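Please find one structure pasted underneath; my questions will follow.
Labels run A, B, C and D following the written order; every chain starts at residue 1.
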C-alpha cells in the first residue's frame, strides 16, 4: 500500500544533504511550512541554498536557519520584512549570498523546473539590472531575456489537506508558492493541517496531485499567527 | 531645480489622489494595486461599478478590508494586509497568478514610484545601484506585464526634488512602461511627446507645476 | 455590472475575423465545444488557422468547418481519428496546411502564450523530425529545442459551470485543453453546461478564473455522445 | 534477414506480454501506458500492489475499465476509451498533465513501437518520412520525459522482419530512450552494450531468437 504519510519529523526530514537547494513555500505568514523549517533546523543540513519569497523575519523559522549559519545563499524577490535583522546583518557581513529575482520570474522558474522547461524567455526585467549578463532576444517585435529553471533538491510545503497518495489542497491565499515548490523539487515534503482518507478529496479539487509529493506529516497547527 | 514662489494652492490629499485614479477605472477592468497609496484606490471605486482587484499572491476578486472581528487569517494581499473576497473571487498559485500579470491579462496596474521619466521609465524598487538587499517583489513583473501602468505618487520628494524626471537616476523597474501619473499636484499622461498635463490641483498654474517638475510639461494637443 | 453571459450564439461569435487563429478545447469527444464550432460555421469567418488536438472526425464540427474550406491550416498532434476522411481528402489535395506538434508541446505552447512566455526550451522532439530547423541548445548536459508560444485570436472552450464573471469549472477529463485555450486567446468564448450565481463556485475550486474569459453562452447539452 | 528452422516453441501471448511487464512494476510507481497492448498492463498488476496510472488527457489514478452499465461519459483515457477513477485520483489540464510527463515525474512509460534500435532509439509514430499526416500524439513527450521507457511489441512484423534493429529506418520518436523491451519472444534490456536478453519464450533458444533479431543479442554479464 502506498503511504506517504510519515509519523515523525525525523522520518520526514531523513536524507536531506548538506548543500541542498531548498524551495520554501509560503507568502507572508500564510502557507509557510514553519514546522518543516524547524524540522530542517533540527535535522542539521548546512551549506543550504534557500529559495523563498522573503528572507525571513525575526529570529524564528528561516531567519533562525540563517542565524545558525546554515544558509549559504538565499534566492528571493523581497528580502525586506517587518524584522529583517538576521538577513541584513549576515548580508552586510558578507556571510550570505543574495540572488534577487522578480517574484513572477521566481514562480515561473519553479514551475519551469517542475514542467521540464530548462529555460524560457520573459519580458520581466528587460532594461533593468536584472537583465545584466542575460541573453536578450527580440521575438515578435519585443525584447525578452532568458531565465533558467530553478530546481529544488528539497521542497518544503504547507498544505490544508493531504491523503496517503500525497494529494494536496491549500487554503485560500495559503496556496501561493506551495504547489510550485512541490512540483519543482526532487524530494517534496509536506506538513498538512488535515489528513484525509483516500478519495475524500474530490478529484476535480486536488490542487497538487501526489505525483509531486514524497512525504507528508500531520501538523494541525491552526491558523497563521500574523506577521 | 529652482523653487518658485507660488500663489496659494491646495495639493490633492492622498485619498483625493486615490479617488481621482479610481474614477478613471472603467467597470470590468482587472486591476492590481501596488503597496502603499495605490492600495487606497479600491476604497474609492464608485458605488455600483464592478472592478476586479488582483493580488500577486494568488487572489483575484478582493473586496474591502475586513472588519476587525471578521479577519480571515488565510486571506491576505501582496502587501500582507488582511483582505476580503467578493463573491466571484478565486484563488490560484503564484505561477498562475503571475500568468495573469505577465501574460498581459491585467487591464491596469497602479504602482508607487521613486521616479518616472517622460519616456515612461519607472524606478520604484531601489534607491541606489548599490542598495543593500533591494526588494523588487512583483514590481518588475507588473510594470512589464500589465496592459497599462499608472503611477500614484507625490510629485516631489520630501526635500522638494521632482519625481518626474527626464531620466531616472535610480535603478529602473521597467523602461517605457508608465502611461499615466497621479500626483498630489496633477494628473499627467506619458505620451510620445512626453508628459501631458490632464489636470492640476486647485489654484496651481502650469508654470507653478513646471517649476516643481524636472521634465518638460505639455498641454493636451 | 459585469456580465459576460450573452443570450445568443450570434452575440457570442460577434467580431471573429477572417484569418483568425482559433484554439479549440476538447480531447476526444469530451470537453469539445461543439455548439461553438457550429456557431463559428454559422458566423462565417474563413481562412482560419485552427489548433486542436485532433483534425476532426466524420462530417460534423471541425470536420464540417474544414469541409466548407474555411480552414487554411490545422495545428494538431493527432490528425487521425475514427473517421478522418474530410481532413485526409483536403490534405492529399493540398487544400489544407498541417503542422504536427507533439501533444505536450502543443499544450505548453498554449500555456506559454497565456503566461507571457514567447519561447521556451523542451526536450520533446529532440533528435526527431520535429527538431528540424529549430534552435538547439545544450543546458546542463542535455539537448533541448526552442519552441514558440501559440497565441489564439479566438479560443473556443467547453465548461461545466460558469458565472457572470466568467469563472469556470470543468468536469473530469473535460478539462483537457480548455483552460489553456482560454488563457492563450485574445477572445475567449465559452459554452457552459451550467450557469451559477456569482459566489456559488467555491473560490478554491475555480479552475479558469474569469480574467481569461470574455463571453459565456449557456449550452446545457448533457453528456458527450461518444466518438 | 534469414529465417531459421526452429524447434517448436511457444511465443508469449499479448496478455502474457502485458503480465510480464506488469510483474516488473513496483508498488508506488506512476505509470503511463500507451495505446494498444501496453494498455493491457493495468489489468495484470498483482492484487494488492498499488500502481498509479496516468493518462495524457489530465487523468491520474485510473482504475480498471468500467462495467458496461456504469460508464461515466466524462471519463476517458488518451486512447479515448472509457475508464474509471480510483479513490485518490485527480484531474488536471493538459499543460499540468504534460508537466508530469515532461518534468520527469513519471516513473515509467510503456509504449508500443514499430522499431527499437540497440542504442535505445524508438520509432513508433510514422512509417515513412513522407507519411501523409502522421499522428504523433503524446509519444514524443512520453519518450523524452518519463524516467524510464519500456516498449511492449511483437518481436517481428507480420512479414517476419525484426522490429529490434541496429538502426531505425522509420522516423524517430526519441533517440536513446528505451530501457527495456517486452516482445512475444523475449524480454530484453537496452544497455550500453546493446540488447541484453533477460528471458525468452518457452522452448526458444538464444540462437532462435537471434535469427529473428536484426541487432546483436547479448546475455547478461
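Observations
One rule holds for everything that comes next: a residue touches a chain if its C-beta (ideal position, glycine included) is under 8 Å from a C-beta of that chain, and two chains touch if they have at least 3 such contacts.
Predicted model only: the values in this text are computed from it and were never measured.
Of the two chain pairs shown, C-D and B-C, the one joined by more C-beta contacts is C-D. In terms of the distance between Cα centroids, subunit A is separated most widely from D.
Per-chain Cα centroids separate subunit A from subunit B by 29 Å. Centre-to-centre separation of subunit B and subunit C, using mean CA positions: 36 Å. The mean-CA centres of subunit A and subunit C are about 33 angstrom from one another, to the nearest whole unit. Residues of subunit C in contact with two or more other chains: 108, 111, 115-117, 122-123, 170-172, 203-204. Multi-chain contact residues of subunit B (touching two or more other chains) are listed as 85, 91-92, 95, 98, 101-102, 145. Chains touching one another form the pairs A-B, A-C, A-D, B-C, C-D.
Interface of subunit C with subunit D (complex): residues 27-30, 55, 77-80, 84, 87-88, 91-92, 98, 100-108, 110-111, 122-130, 170-180, 207, 223-227. Of all the residues in subunit B, the ones that touch subunit C in their complex are 27-28, 30, 48, 50, 52, 54, 60-61, 85-92, 95, 98-106, 145. Across the complex, subunit C meets subunit A through its residues 108, 112, 115-123, 137, 139-140, 142, 144, 148, 169-172, 203-205. Note for the complex: subunit C touches subunit B at residues 1-2, 111, 113-117, 163-165, 167, 183, 197-199, 201, 203-204, 206, 209-212. For subunit D in complex with subunit C, the touching residues are 55-59, 72-76, 78, 80, 85, 91-95, 97-98, 101-102, 121, 126, 129, 132-141, 144-145, 171-176.
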